[in-house]
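Same chain, two partners: chain A is paired with chain B first, then with chain C.
Entry: the complex of A and B
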């Protein structure tokens, strides 16, 4: 029975989704107000269950196909929080467009279930299937609004590239299977060193393909091409879910997979790969976001940049102890000589960053969704910065919330984003990644420029004359208030949460 | 009971403006009078708290930080809420407290749009500035240091002049570049200063932790000035490799804030575009965060690197003095002139600090206060004129003395203070700084150049006064200007009183500053053979036992006292979190219902 504990959150989400689907069919009432409540409640229940699981001892369950560890449980918890908030945003968004249907929420919950299962999968086929569960749900959500060409384009693009990346992952896993004969990660960890010695080509190619597959999912440069178009084309609440949930789940799985594989390779190889990915992603993400006047697209590029900061944390995890060979900015130069980085601190940093990023980005996309109007859907200037001009006078509450989200994304204290960056960068400095950390903070200064520009427009520009009152619904306000409060509270009093996340140092098999 | 109050005075100092900000947030938008009054009262309450703190500051107390209060904050990262003041900090706290009500008075009619937001921003800014001055935990300092940017950014960007958005953005980004690099350096210090498990961002941990390494390093560099140093211990080796870089990162952050040449270019824009309140606070208090940061963090933490770079930084300070003076001579825009005079004056401040002599350091600290008073007053008085006339160029004025005699009298007195006429506060500070720099090991040319610029300083200020106030009334628009009203006079009088008082009776303030200058000098010279450990060591304030953390389900952290920190000196015990128990061994579960 204990084996099924980790499945409870996902099972809750699936049950909720089925209830919503059936009710859409059998309760033919025009009023669908209850749906968002059901979806939110389901997510909250799942979040509580996951939180509970986080204090279970880490162990392997279901014959080694999955693990129950605090790392994945906290991740599930965050995904559920993100799902609940996106669901609330979506309710207001869809009501305005008269498109609120049970299947939307059902798909959202299915995606969340996929993310939760992905986080705890410990075997390549399971990982692949769960990745597909969440991806297929998000493909269809992307194209959910069928007006105009953009959603179809975005959905199609996402589908093609998503399928491509998933097949890269699958191919890589198959090669690794060919080299070792196993797919479970803990067995792989044992079998891989020998295989790497006898069949290095298979192992290296497999490693590279798996990395590329994950890099697509987390939108790391140079595998980020799909992100801006898909994020822009998808309905805004779905974008929020994608940038918060999909990315977090993929990160957790990435860390799990590569920790299992790192022993087989020379320590510099995974480190240099992740460090290079982190550097390119941080710099390119921020630089590409700078010229964007389209806020939604800017947030898409910013989510790439944030993947870069997270990869910096991942690189810290793989940093070889002791000074490395000359690698320029990427060189490892531990401050105090060869002490290995405390992996627990890195997990904590990653999780806190993901938590902060989840509430912030859902809030930010929520604000974008709040001021976007139905009749704009087919125009090109829907999300232009001008739309935010003078928001502080028209909707002071939204403007303050959006300012908090922007400052948190920029990493300015006292917000969740700052504490997350503090944890991640301090892990990086501890591991000796000084050059990379400096590059990261400089990139984030560039980032501050475009985040602040939104604040400039909201607070320092006059309202355009044709600005009309936005559509308001209580769900949107609930979502925005919750995330804004969470952003500030996590920035001011991160203590208890950080204590809980310290337990995430207990990732299964890698204390 | 007294103890209980005293340990919380600083909390009152820091958070009382924030409480009033909450109050103002609940006032209706249209009630501008109420909002202004509430803010003014809030600033007065804050001033009272600052004055109380000042009165409780004991001159003959051996402790460096007084009125200390420490609370757990983020255990997971070794950050605590730790506030306390030394001599310099309490003086700057008092200055901040004195300026704030005057700022509110000065912008009573200046700001008439979005009054509520304006006053909330002022109050929040006050909290952030006082918090930065009172922080003993370095990360708490950093948080306040950054948080200060947001309200100031809004003050400039929303209520500023025509080019306000550009100026606000420039201000924000400039400061952020420096402070983020400082954050990385601070993380480096955090990891070097103590071994895992005893790490903390508390000033005592960082400073005491680096002492042994600093001594070792400077002993090595004394024998062998260019390196390489062999056989250093881990922290000393790290400090040898990274110390100069970390010092430069700290210096860059604070040099931008001061601002020192060549990273001063944000300042003229910010000052010119800011509303009168923004300029006053910026010049009066925020620039001091730079000099204060050098004094508290950059130089004490890295004394060897500071001595290596002493000449370079002093050279930059002198260039700032000369450059600021020449830029002033070329200005036609009065606000820009005052801004460049700030660059010049803060150059004196930095020069005195970098002289590493008693006179220089005391003069520099005194100059921080002077500059706050005199430049704050100049910006306020010019703000009154600007409110009437909406022109910033000298050529728009002339003969103002005829229509505004009282105003002119005030302005001339403040000008005297700014150009350091004997009898005003400026004289005391500048004299001490120059004396200190002549006595120091800095090249004589630096001191000579700085002294010469005193003359230029008088020239550009008096020239400006002459053009604006004397001569013929050439512009029709200036004929109808009214003199200062009662509110404006009330706002200006305290400045005049301070200028005269601080000029004629500087000793009480110098006594307070003295407590911190001796420590500053001992720290700057730390590591040389005759330096004394006990003079510089920071007393450790123990963390209280946790109250809230234990509520977390399965919280793995119990607290146990641990003995000594790295250097084997007698130390008060500190508390550190126990390492988590691996859960595979001992499952921890929330209480089942």
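Entry: the complex of A and C
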């Protein structure tokens, strides 16, 4: 029975989704105010259940198809929080457009169920199916608003490229299966070294294809081309969900898969690959975001840059032993055959970064959604910086929240983004990736330019004359206040969370 | 040399032969067959009737909806068959699993029914 513990959060989400789906068709009332409450409560209950699971001892469950470890439970918890916040943003956004329907929340919850299951999947077919569950839900959410061509274009683009990347992943997994005859990651870890010696071509091509598949999902350069168009075209709350949830879940799975494959390859191969991906992603993401005057598109490019910082953390996980001065002390970490350098610190950094990024990005896209008006949908300058001009006079609360999110994305203390960057960069330095960490810091310094520009517009530019009052609904305020408080609280008091996270990191896949 | 891919050799052969046929047959047909090209011969269908309208017609979206729903419930049958064959061996666990699966699909059926996706008129 204990085997079913890890499934409780996902089961809760699915039940909530079904309830909302059926209430949409059975309760033929125009008043759908209860829906956002049901969706939020479902996500919160799932988050609590996942939090509960984080105190379970790490172990392999469901015949080895999944693992129950604090790492995955924490990720599930985080995804559910992101879902709840995106749902609240969506409620206000959809009410304004008279498009609030049960199906929207049902799809959001189905996507969250896929994400939480992806976090604990430990087998290629399971990973693929959960990746599809979350992707299919987000494809349809992208095209949810049917008015105008933009959502349809974004949905179609996302669908085609997403299906293509999923098939790359599947093909890579098939080649690895051809080389070893197993799909479970722990068995793969044991079988792959022999296969790499006898059939290097299959293993290397499989490795590359799986890497490309994941790089698409996390939007790493050079697999990032879909991101700006899809993020811009999707309804803004859906963009928040994509950038918070989909990215986090894909990162967890990426770490799990590549740690299993690590032993089969020369240590420089995964390390150099991830280091190169991190470098180009950080630099290109920031440089491409700089000229954007469209805030939504700028945030899309910024999410690429943030994927780069996270990949820096992943590269630190794969740094060969001996690269670091501390390696002698920290190689005793009882993980990964003792080759990992301060693995616990790296996991802590990655998890804290993802946590900070989740609350920040949902809040930032929430602010964009808050000031976006239905009348502007067809215009091209809907999200132009000018829209933010003088926001501090018109909506001081929102302006302060948006400023907090921008500072957190830029990595300025005292925000969650600063602590996350601090953890990731210091883990990278400990792992001997000093050059890469310096590049990361320089890239994020360049990033402050376009984040602070939004703040400058909000606080130092006069309001345009024709500015009208935005649509206000309590759900939006709840979401923005919660995210802003979380961003600042995590930045001021990172201690308790960080401590707990480093425990979660130490337990990663260790049973 | 015995590799894990050896059992797939016959499949590779079949692929090779099938691909070869697809190249060889049209090539020799074009080379050896009689040719008489005239407007009647090269018109569409060559059925004697004059072509009416374009072939690129728009279909009502309900055809696609029905086709998609058919696939969903057809795939359910694909899962039901192996379960039915192993019914005894899988025992109560298998029964409960299939019950969850089938009831999820029943919920989906209720949803699409109430949503009106099954009504052809209107």
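Operating definition for what follows: the second predicted complex is superposed on the first by the 487 of 511 C-alpha atoms of A that agree within 3 Å, B and C clash if a C-alpha of one lies under 4 Å from a C-alpha of the other, contacts with A are read in each partner's own complex, and residues count from 1 in each chain.
We adopt the following convention: contacts are C-beta pairs under 8 Å (C-beta built on N, C-alpha and C of every residue); 3 or more make two chains touch, one makes a residue touch a chain.
Values in this document were obtained by computation on a predicted structure and should not be read as measured data.
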Partner chain(s) touched by A:149 [first = chain B, second = chain C, both, neither]: neither
Touching partner for A:199 - first (chain B), second (chain C), both, neither: second
Chain B versus chain C as contact partner of A:344, first or second or both or neither: first
Touching partner for A:179 - first (chain B), second (chain C), both, neither: second
Partner chain in contact with A:291 - chain B first, chain C second, else both or neither: neither
Partner chain(s) touched by A:445 [first = chain B, second = chain C, both, neither]: first
Which partner, chain B or chain C, touches more chain A residues: B
Chain B versus chain C as contact partner of A:495, first or second or both or neither: first
Contact set on chain B toward chain A in their complex: 72-77, 117, 139, 142-143, 146-147, 149-150, 153-154, 157-158, 164-165, 168-169, 172-173, 176-177, 180-181, 183-184, 187-188, 190-192, 196, 234-235, 237-238, 241-242, 548-549, 551-557, 580, 582-584, 587-590
Residue ranges of chain A in contact with chain B within the complex: 52, 55-59, 70, 333, 335-337, 339, 342, 344, 348, 392, 407, 412-414, 418-419, 422-423, 425-426, 429-430, 434, 437-438, 441-442, 444-445, 448-449, 452-453, 456, 459-460, 493-496, 498-503, 505-506, 511
Residue ranges of chain C touching chain A (in the complex, touch as defined): 3-5, 104, 107, 110-111, 114-115
Contact footprint of chain C on chain A as seen in their complex: 18, 21-22, 25-26, 178-179, 181, 198-199
